[in-house]
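Every chain is named by a letter (A, B, C, D, E, F, G and H) in the order it is written, and numbering of its residues begins at 1.
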């Protein structure tokens, strides 16, 4: 049963979220993937948010570009932690998505990552760090990965 | 029965939308005012969007600062024209709200106005121009206002 | 007789406004297309603005890059709703056009769309939403399109 | 007979253009002052531009904030040199006015100055440098002023 | 024993992190507060990061302005989740801190919040959402708070 | 004898100033071209500025990218009108050059053009408008060009 | 005999460079202070740059706002290390000065500090670090200061 | 024995620091090159900073993109002069790295260079100017290089 739900705003974002999926796989974390547009399919976003916790999801990762309301809209429908990844898919090259995702109002946080592929990877790493507080095996995978990073640096 | 619904994201935005209300009154257009947070009260936003047309509303004006998802979220729940007013209420001084409101994805437009009070006034003017296509009295009020502007310039 | 006039600042913007024309066609809305430079052909812009309503035009969509005065200049000559599409045609990649179009002074609104192709499409969608207030057939086309979007999201 | 026409977009800009007037006076250059809105009084802007040269005006200085189309609109109606001063009167603090004024399309230049009071002063200095090419007395005033600046620096 | 460590870069940031402390208190979450400069006291930052988990800390919230390396530096010394709050304390008004905090490289995430007080509050809310995955009482406090927000919106 | 001096900061800017030269040629204005770096060859810049007027030059056009001090440095050594063209040659894509050129302090103006090729063309057009105040033949060329533009727009 | 020359672009910058002077005094480094405008007094800037090394100056600290050419112009006249401090004195709040100072072309570096008072202080600290390579007493003062900072953090 | 240590944040930055190495070689300055990530290998960064002076290093040049904490982190561990080169390696194209590197807090300076290759070259030039204060041969190389630049400009 997946602990992490990865949601993208459009099928055209598939390549952009691949780094998230790769890192989750590498760290041994089960996930599911959905395409939900906050604007074109708001009812689907609502159902997804309302039901995520009861389906066993513990963390939602949402990637979106341009107005990039998806992470914030999902966060409005759930009290699970939501991690947002701004994509550089519009002419404004991700500054728009970054501001839209990070500047959430008090009460409804979105954990915002870097624009683009570094952020897509870090969404998975943050999810692992969070789940590692509860699941020892994931914590060990996180620590092994960090230790491996340090090895590369030697 | 109000033709225009003015919605603000927070009661603290009351002063910011006052110019909208003043212009609507000046042009003789009935309106209603609501406080709805896209994030704190998403169900209220949904109901508002889903029912607006059947209640006789023809245009929604939504003002919000920071992540400013309100206009886009309302637009996701209705096919009425939505006019968005970015407010300079965060540390980023309205650039965040502008990008969040204007960069909507294809299919779900928000008619974006200037940041702050000029935009708040123009939301009412645009609403009047739109309604003027259908209601002759409003068109006349719009044209008289424009003509008065030109007089001031003499 | 066209209800919507699509105006571009330069022939080189033809490709940029094509998405507007495609959506208008798809929604069954008659339109006309013109090339008018606010700066190189100001008299043409003036005549266009002054005569648009009497020719039966109900909405003007204007796309421009760089200083992008076209939508605002047309708005100064008419009280029809003007929808502005900022194009990323200069070295500043559309931020210039966005600010020039959206920051209109009180009294002369321009309904501003996203920079580039999403904005070009949404100009047509907004025009349709506005016309849908008056023309039932267009409202039905808008609602069918929105409903189709939701279907794609399933 | 004034050689320089100073134009502001709104009476509220009076204080912002005062430095321009002060420098022109200091350099002994005759000027006139007008309030013309490119958007609210486009016909007045057109007449002003079309008649400026025949009235003996040699340089137009136009100051405006926000969308700041005034310098570009005047430039579209005349082939006199137009100097633009961006004002920081909107929430975007002059970046909007700067981009709107400076990013003019090929064929219709506006000589853009710094945002705010330094720009307002320099509009007068540039006008004097230009007129100094033709009027020896103004050239001498310009050179004396520059020489005085150097004296201050000693 | 505190679950959350709140760290600020300078004593002058005390007022800026107060909203974080208020929300943590309101949600019944134990916390500790430290002043650590990533640059002036790097050894202290290192010790703090290396020992945090073994001291029982589960989440680190770090607030900083300007170059704002603090959250990233702490994240480099621990695999606990680090939440970063950009402060608008420099002349660049928080854009610098936002970019410094959010643009972390792959492998070392920082969960970035909004600039300023909304972000300071949301750091606490996100911490609560994360801890709520593991501690039922905190989850209940989160859900009650969200439910109260919705009540305010009625 | 050339009336206009076109100066570029580096030989690598040759292509960027070509549009300036083309327009000057088209309008029948004599010009000279130099490569002078404000930073690498400051003495050459100084001599150029100090001697320009006595050599018969009436207008200096200077194009530069990045820190782009060239137009301002030349302006510091002469009281001839200096026109600055910001080039998008650095990683910051011309915003740096624009700010460096346009934000000149009171007393030493630089007439700033758009970033890139539109600005390069307009530097020539502005020079022609300025020279047209004094030389009737150039004024006629300017007016014919403007008239031709209007013809293209028909 | 002073080792460090502190130069400001205008007398109005006196308050802005005071932190530089305070830190230099605190670290026991002799300095001199001058007011030199790169644009209003270019000959003074040139003489200053050409003579600095022979007068015994080892480091130049230059603070300037807006177009902020001063550090780069001084650097063009000397091969001494030049440290630049961008001041937030214009409407663009220091972003203009930062870009103008930091984006120097290859061959003529300026060591750029933070905008405003942090940068003014760090100009002195960097000067001390540089001089500390050569003067043991200054190195000791630098190390003592750093050690004191760490003490404050305890 | 190398006087200059060149450090990059990732092996993928090798090409970006090559201009630094080329200029150092050209000026006859011994250097060493390391790959150290401030975030992935913080212990390595700490050891490097703590030991650099005793190993004979006099200047550290650090190049990094995105959050770009490397120069500041190294500066926190040493009182040697640190020169930072912002790289345009992220979606935000170097503005992020520039702000992260330049906006250092009082007490811990980083001498910031231009974004990208001009900055990479200038890091070497600045290092040479600094070392030239102490090593006559390097000063001569700096002065010869500057003189050659002027020759190119003739």
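Observations, loosely collected:
Convention: a residue touches a chain if its C-beta (ideal position, glycine included) is under 8 Å from a C-beta of that chain, and two chains touch if they have at least 3 such contacts.
The structure presented is a predicted model; accordingly, all values stated were derived computationally and were not measured.
Taking the definition of touch as given, a chain qualifies here only if it contacts chain B and chain G alike; those chains are D, E. A count of C-beta contacts for the chain pairs D-G and G-H puts G-H on top.
By residue number, over half of the touching pairs seen at B-C are also found at A-E, the match among D-G, A-E or E-H. Where chain A touches chain E, the two copies mostly use the same residue numbers: shared numbers make up over half of all numbers in play.
Seen as a C-alpha superposition, chain B sits on chain C after a turn of 180°, to the nearest 5.
Spacing of chain A relative to chain H, judged by their CA centroids, is 35 angstrom.
Distance between chain A and chain F, defined via averaged C-alpha coordinates, is recorded as 50 Å. Computed from the mean C-alpha positions, the centre of chain F lies at a distance of 32 Å from the centre of chain G. Within chain H, the positions touching two or more other chains are listed as 37, 40, 66-67, 90, 92-93, 95, 102-105, 107-108, 114-115, 118, 149.
Per the contact rule defined earlier, chains pair up in contact as A-B, A-C, A-E, A-H, B-C, B-D, B-E, C-D, C-F, D-F, D-G, E-G, E-H, F-G, F-H, G-H. Across the interface of their complex, chain E is touched by residues 35-37, 40-41, 43-44, 66-67, 90-93 of chain B. Within the complex, the chain B residues that touch chain C are 19, 58-59, 79-81, 83, 98, 102-109, 111-115, 117-119, 121-123, 125-126, 129-134, 139, 142-143, 145-146, 149. Here chain B touches chain D in the complex through residues 88, 93-95, 114-116, 118, 149-150, 152-154, going by the rule given at the top.
Against chain B, in their complex, chain A makes its touches with residues 9-10, 37-40, 42, 46, 66-69, 72-73, 75-77, 90, 92, 95-97, 99-105, 107-108.
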